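Pasting the structures in now, so scroll down.
Two complexes follow with chain A in common, the first pairing it with chain B and the second with chain C.
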Partner chain A sequence: MNASENPFESKRNWTKLREKLGVGSFGIATYFILFCAALIFGQIAYKGLPTFFKSEAPYVNTEFFTSNPEILRVWHDAEGNKFSMPDKKFDVWRRDNPDAVILDPHALNYSAGGIAGPLIGTALLVLFCMIIALSIGISAAIYLSEYCGKGRIMSMIRLSILNLAGVPSIVFALFGWGIFCHAAPAIVDHVDERSLFAFSIGSNYLSFQGWGTSLLAGSCTLAIMVLPVIITACEESLRAVPKGFREASFALGSSQWQTIRKAVLPYALPGILTATVLGITRVAGETAPIMLTATSTDKTDMPMQALQNEGVWAFFTQSVQALPFHIYTLAKLPDDPLSKPMQNGATFAFLLLVMGFAFVSILLRNRVRKKLKW
Partner chain B sequence: MQVAAVPANKPKNKSAPTFKGKRGLRLMGLNFTTDGVVKGFFGGNAYLAILALLFICVFLLKSGLGFIPGYRVELGEARISGVELTNKVRYELTGYKALLARVNQAFIAEKRNRFGDEESTIYLYEEFEALVDDEFEDAMETYLSINDSPEKEAACARLCKDIADACNNIPEKKLLQALTRRLPELRKVSTNAKDQAIALAQDYALNDAETPHAVAEISAQISKEMGNFNTAVQAIKSAGKPLIQLESELTKHTAESDRILKLNRQTSGSITALEQGLKKAKQRDEPPVIIAAIEKRLKKSRGSFIEIDTEARIKAVYQAIENHDLIVDTLLIKISKAFNSLPAELENELTNVTIEQAHKLNSEFAIIVAKQKENISAWRHDKSITTGNTLAAFFFGSEWQTGSPWQDIYGLMPLFTGSLLVASVSLLFAVPLAIGAALYVNQFAHKREAALVKPGIEFIQAIPSVVLGLFGVLVLAGFLKDWSHSPLLSWIPGFPITERLNVLLAALLLAFMAAPTIFTLAEDALNNVPKAFTEASLAMGATKLQTAINVILPASMPGIIAAIMLGFGRVVGETMVVLMVAGNKAKIPEFSEGIGIVGQPVHTMTSIIAQEYGEVTEGSLHWQALFMVGLVLFTISLVINSTCQRVLNSKNR
Partner chain C sequence: MHDMSKKITALSKTTKNREASTVIEVDDIGFSYDLGKTETLKGISMEIPKNQVTALIGPSGCGKSTLLRCLNRMNDLIDTAKITRGAIRILGQDIHAAEVDAIELRKQVGMVFQKYNPFPKSIYDNVAYGLRIQGVKKKSILDEAVERSLRNAALWDEAKDRLKDSALGLSGGQQQRLCIARTIAVRPKVILMDEPCSALDPIATAKVEELMLELRKEFTIVIVTHSMQQASRISDRTAFFYLGELVEYASTSHIFTSPSVKQTEDYISGRFG
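Here is the complex of A and B:
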């Protein structure tokens, strides 16, 4: 027998190695995902940041955030010097220099100006969508969690709402396009040919001809899309309020509405807020629904102009620019180095916007989890 | 100091509470209390939401299902007019054309391998000739005008040197560019060819701008040496002519009757609408002017009805198709003869591979022909089309072809396989990463580390798809193509990839989107495993890794499978990324290429909707077809979601 052999010596070197390898590979998988995210974010930020700033005071490229997308005119003169100028500036410049030599002129769409129009369009879409979705969604959640029992039908309805939360956005887009753009009722002066049916009320007609690609159709589509998410999340946070709160409130003689208002809603409010921000994140990032229902590429003026010139109904039934669709349009531009600043700047701005909302929602959720523990 | 006295007893001016129920507003015999109104308001909103969501299902179903009868009518017309038959011949023709293209490709590859130098000599010479014409015109003239022989010799040497210098001064890149236009995939300009070309160019300059004989000789030599191959290619090319002729003849016969049938359908539609309008107008006692106008339009519509004798027209089609069997049989024989005359083993690897592919295509073509022969002989124009046929044509149709002057074909298969392919390839990447990450965060990571990593990964979920799509188009597409061509990575199956936008690119981006979804749900599932399991396993002496893999993972399997399925659902439903980077080619990917399939462009169910919604008119068949695709997507996602809900719920109990 070999004396040096220690019966208590660990013989599991292989096991240890395997253990380390296994855990290591799981760790690598985790950090690989994060690394990819950092890479993509970094790449977009690196390319997009130069558009946000400029070399002279005030150092921030305010024009990028305050003006609409424009056509960039590109040409060179007889000596071969290259020039590029936004469309409006070009007109002024041309008036001042009527006999300048312009050779090989061409125009690059959306490559000058800024993203004010798309930003405002996205803000309006999100705002109206959230107004519709929250007012319906929160009340529906309250009804489902506070007033309804746990019957078979109710649980089926709950399950189907949960299922609808996972339906692809393009299906909602298709639905919104079919209903809101082509079949929704509108009060009009004269009936369009594509109207499904119409009847007259006074001097006007109520015609089921849809609202066209419009702010209203887009907001409604987005609202319907986000409704299941909001109902589910709000109901969950309402249910998380302990039963004891309600029972105590009832025991003190308050009515159901008083109970909800005083003993349930205040404690569910952080959860509802989280659901709201989550909904905003989802809505702001969606492209397909607004592409079908709300945006058009030939829209160039600010949405407010319609409100001033033509009234409220025209404001809601105009098509708008929106940041995600703007980025999609920019992605299809021909490859030209002069279009890049706008492309990268708009992408980074959009990413920041959505990630900001996501960040707030994650922060809120973590605070809710930490603070409210029963 | 005096403190204000606190009254010992509050005055008892409040009466004792009475237990009377609150009285609300009485309206129409109903007692509206605050509670009742509030409940009604909430309930109303809830039912509004439920109704709206229910309405989606009904609307999709209604719009989509209208497609089936409409498509049935169109298919019926295609059958009566013989368009359907022409399509069958077209399938054969497509197979043949693919074969021919592949053989041609092999021919070019072989030619380049054996005579690449000689050919590039010719093309380089052409470049240099242009240069000489441009820059040495005067020098050439002066040289020709010299008669004195020693001086002439010196001038000759000078001219030759100048030309050689000028030619050598052209940057290699530019030359390569000029060459790759004719000889694609050339990597560098061979010095041998260049020297020869320069010599030829000098010859050209010295001989009063006359193309040297050597050039023609080289071409002749190439075609002579390639003789066998060339005759084989030519034989295959000429063998197809009867088939092409047959197809054009059939097209001529059938397209016209199809057009007339479609026009008549439109006319009869407007006639019925007008008749109804007339009836209504008469009932409502509208002024005679309006009635007369309607009657006039009705008469005009009736007049534009085109009489068509489909029976007579179809006879010509039957006559033309009679020769079909003979034509394709001879074609097959001729092709196999041509293949036999090909040199068996060639030196060039690429040629051999391409010829092998051509052989494969040939056997595929034979199968297509055999199948279509059967189909064609069984085809009868007067067989009616049932709803079952229509459904099969939609769900199993292998073509999605819209907006063409020929028949519009709506077959779901290319889109369905495209969606499935992209989704499964992306899950191949996403699942191991996401589950590994979930195990790490849940089992091995330090608490603080997990608190940082978890929100980090969840954060990824919020990256908008259009941003990822843009990143894919602008950055990743170029990288992927370059990487796939680098010799270091050539061992990976499926590399190099020739298409810029392809399945792999879309799958990588989608994997990045699906990973956080799968991670979050899988982490939840791992969390739900009772602590006792872990403790028991550790108490038995198992290590942490053994516990994680052998105890916790199996115990949470239902939840993890649900997570993967939900990830799949998310990927299948994703629109913008696939629209931007998957290539948008509505064709069933070729599974015969093995793993190389990931390099092909595809179209998916989601992207077809986003791409074609702009070009449809409301209520048309195409519009309904898009809704039908939406309905399929809707069903798939509902099935996946409800299965997952069931799995998750049963586990919680």
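Here is the complex of A and C:
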């Protein structure tokens, strides 16, 4: 048989060319996105990493992770040598060297110290937000997927939830500011004059005066913002549990709640954890909602101090610093090379924090998935 | 044809006293999947005797699975399902009466499904599921029930050394027998089987069939099957359904050797369906 008789001979035609073009452009798009991501991450890491380390032992800049932002004092002496020092150190140094010549002194805000406060603040906000959002979100998802019917009202509710996911975060921020900061009920000793109304219970008052700019208000606002995402994703993962499990459970004489708890929820867990990852990465990065409801820039004590000194309620109603908002503050600083390390370091730390959250959740999900295979 | 099925039911009623006592009594049941617009079951009447295997046969869509799912009210899970007429009495109780709890009913009327569906848990946890749901916590009781059920389901020898392993590591036939073990662990009176062997190979099928013959000593079994050979091998009585009606219901030997209705004969001999 000679070659020209090959019945499967390759033919050049338009279909093939189009296919090649298609595959090629999909590939280019994918690699373009990868390239952009690598460029951004690489840039942030390259600029931020030096802040994490220092030249002398122990080589890791522990101060950056363990202390709060400080003012950096900058000046030069008579010979034109430049000096810079964090505020507290400067006071000590000044006492020891009262005769030192200080020319052209100025202060750079937030350019010394570290990011401990914002780091802890963001972690707390994300933690409490996810506790609130998951407990409400999973309950709502269970109701939507297992209990309620398929009527027109239910599909309207579903549509509204989906639409809520697309609402800009500043709208949620204003909502949270109005409700949680200024109208939410609190049990207080004396009623603030901003209270909407109040009535007494025993020696205290139940006053609708809000929780002020606080950790609690911020967490609730973030929770409401992320709820649509969580409800939708959880509902999907509940629906994806095979019908056979439900039927088998019912056929063994279990009630609906027993079936959900024992034969549905455990197998929806990987999906729910995926939703959590999505939620966390979104929540940790949000700036607008916490800017209005939770954060303050010039807070010097750590969040835990309130818990130790004044109790649980004070802990939840204190304002906190938060990393995304801190980065925003840093970005607005006047341009000075001495401010750069803080800016770059904080950004890189934030990136690592969000990646860390996502990484832990993915690990958790993979572990659960391995256990539950069907 | 409707008159015919009534006549046959009447006929089986007269012979009732000479046979084993009746466990399930289906009385002119009508069922609809769309709130009564179209009837999937059009007035079925039959009596299912105790400790026997009753096979429901018929072409796809004839309503046999629907009837089976009416017997433990699994159709309650479908929003638009509706009983349009008649009644089903199990152990003398109308199962659709207001004071009947479907959950309690399903504890007495268990079900094995077409596609074997063990939970992705250990073999032990699968069998213990029903008892744990009922609040049994004591390990000795659970251990004993698990062993007894697995022995009943002829799975003990294969599974006793791997009770803590995932049920999904078993072969298809073993998984289906595990589902049977899971069902009999709660000691139901009736076991409903919805094409239990359709996803199994011939050897696994033979094992499950053998098991059914063993189980009928303790349980009343109703099985839906597409295999006429299977019906003839294992059942004591056979009901032939067509388009939502009960065409013929009699002892299996009667149905397979000298059916009274032409349609039954055509179906059994493979001329239609």
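The criterion applied here is as follows: the second predicted complex is superposed on the first by the 321 of 374 C-alpha atoms of A that agree within 3 Å, B and C clash if a C-alpha of one lies under 4 Å from a C-alpha of the other, contacts with A are read in each partner's own complex, and residues count from 1 in each chain.
Methods note: a contact is a pair of C-beta atoms (placed from the backbone, for glycine too) under 8 Å apart; a residue touches a chain by one contact, two chains touch by 3 or more.
What you see is a predicted model, and the numbers here were worked out from it, not measured in a lab.
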| item | value |
| --- | --- |
| Per-residue touch tally on chain A - higher for chain B or for chain C | B |
| First, second, both or neither for A:244, with chain B first and chain C second | second |
| Contacts of A:263 with chain B and chain C, given as first, second, both or neither | second |
| Which superposed partner A:143 touches (first chain B, second chain C, both, neither) | first |
| Contacts of A:255 with chain B and chain C, given as first, second, both or neither | both |
| Contacts of A:227 with chain B and chain C, given as first, second, both or neither | first |
| Touched partner set for A:159, first chain B, second chain C, both or neither | first |
| Touching partner for A:354 - first (chain B), second (chain C), both, neither | first |
| Shared chain A contacts, counted only where both chain B and chain C touch the same residue | 255 |
| Complex interface listing, chain A residues touching chain B | 15, 18-19, 22-23, 25-30, 32-34, 36-37, 40, 43-44, 135-137, 139-140, 142-144, 146-147, 157, 159-175, 177-179, 182, 194, 224, 227-228, 231, 255-257, 260, 281, 284-288, 291-292, 324, 327-328, 330-331, 343, 347, 350-351, 354-355, 357-359, 362, 366 |
| List of chain C residues in touch with chain A within their complex | 72, 74, 77, 79, 103-104, 106-107, 110-111, 113, 115, 117-120, 129-130, 133-134, 166, 168, 179, 182-183, 186 |
| List of chain B residues in touch with chain A within their complex | 22, 34-35, 38-39, 41-46, 48-50, 52-53, 55-56, 59-60, 63, 432-434, 436-437, 439-441, 444-445, 453, 455-471, 473-475, 512, 515-516, 519, 543-545, 549, 566, 569-570, 572-576, 580, 606, 609-610, 613, 618, 626-627, 630, 633-634, 637-638, 640-642, 645 |
| Chain A - residues contacting chain C, complex | 149-150, 242, 244-255, 258, 262-263, 267, 372-374 |
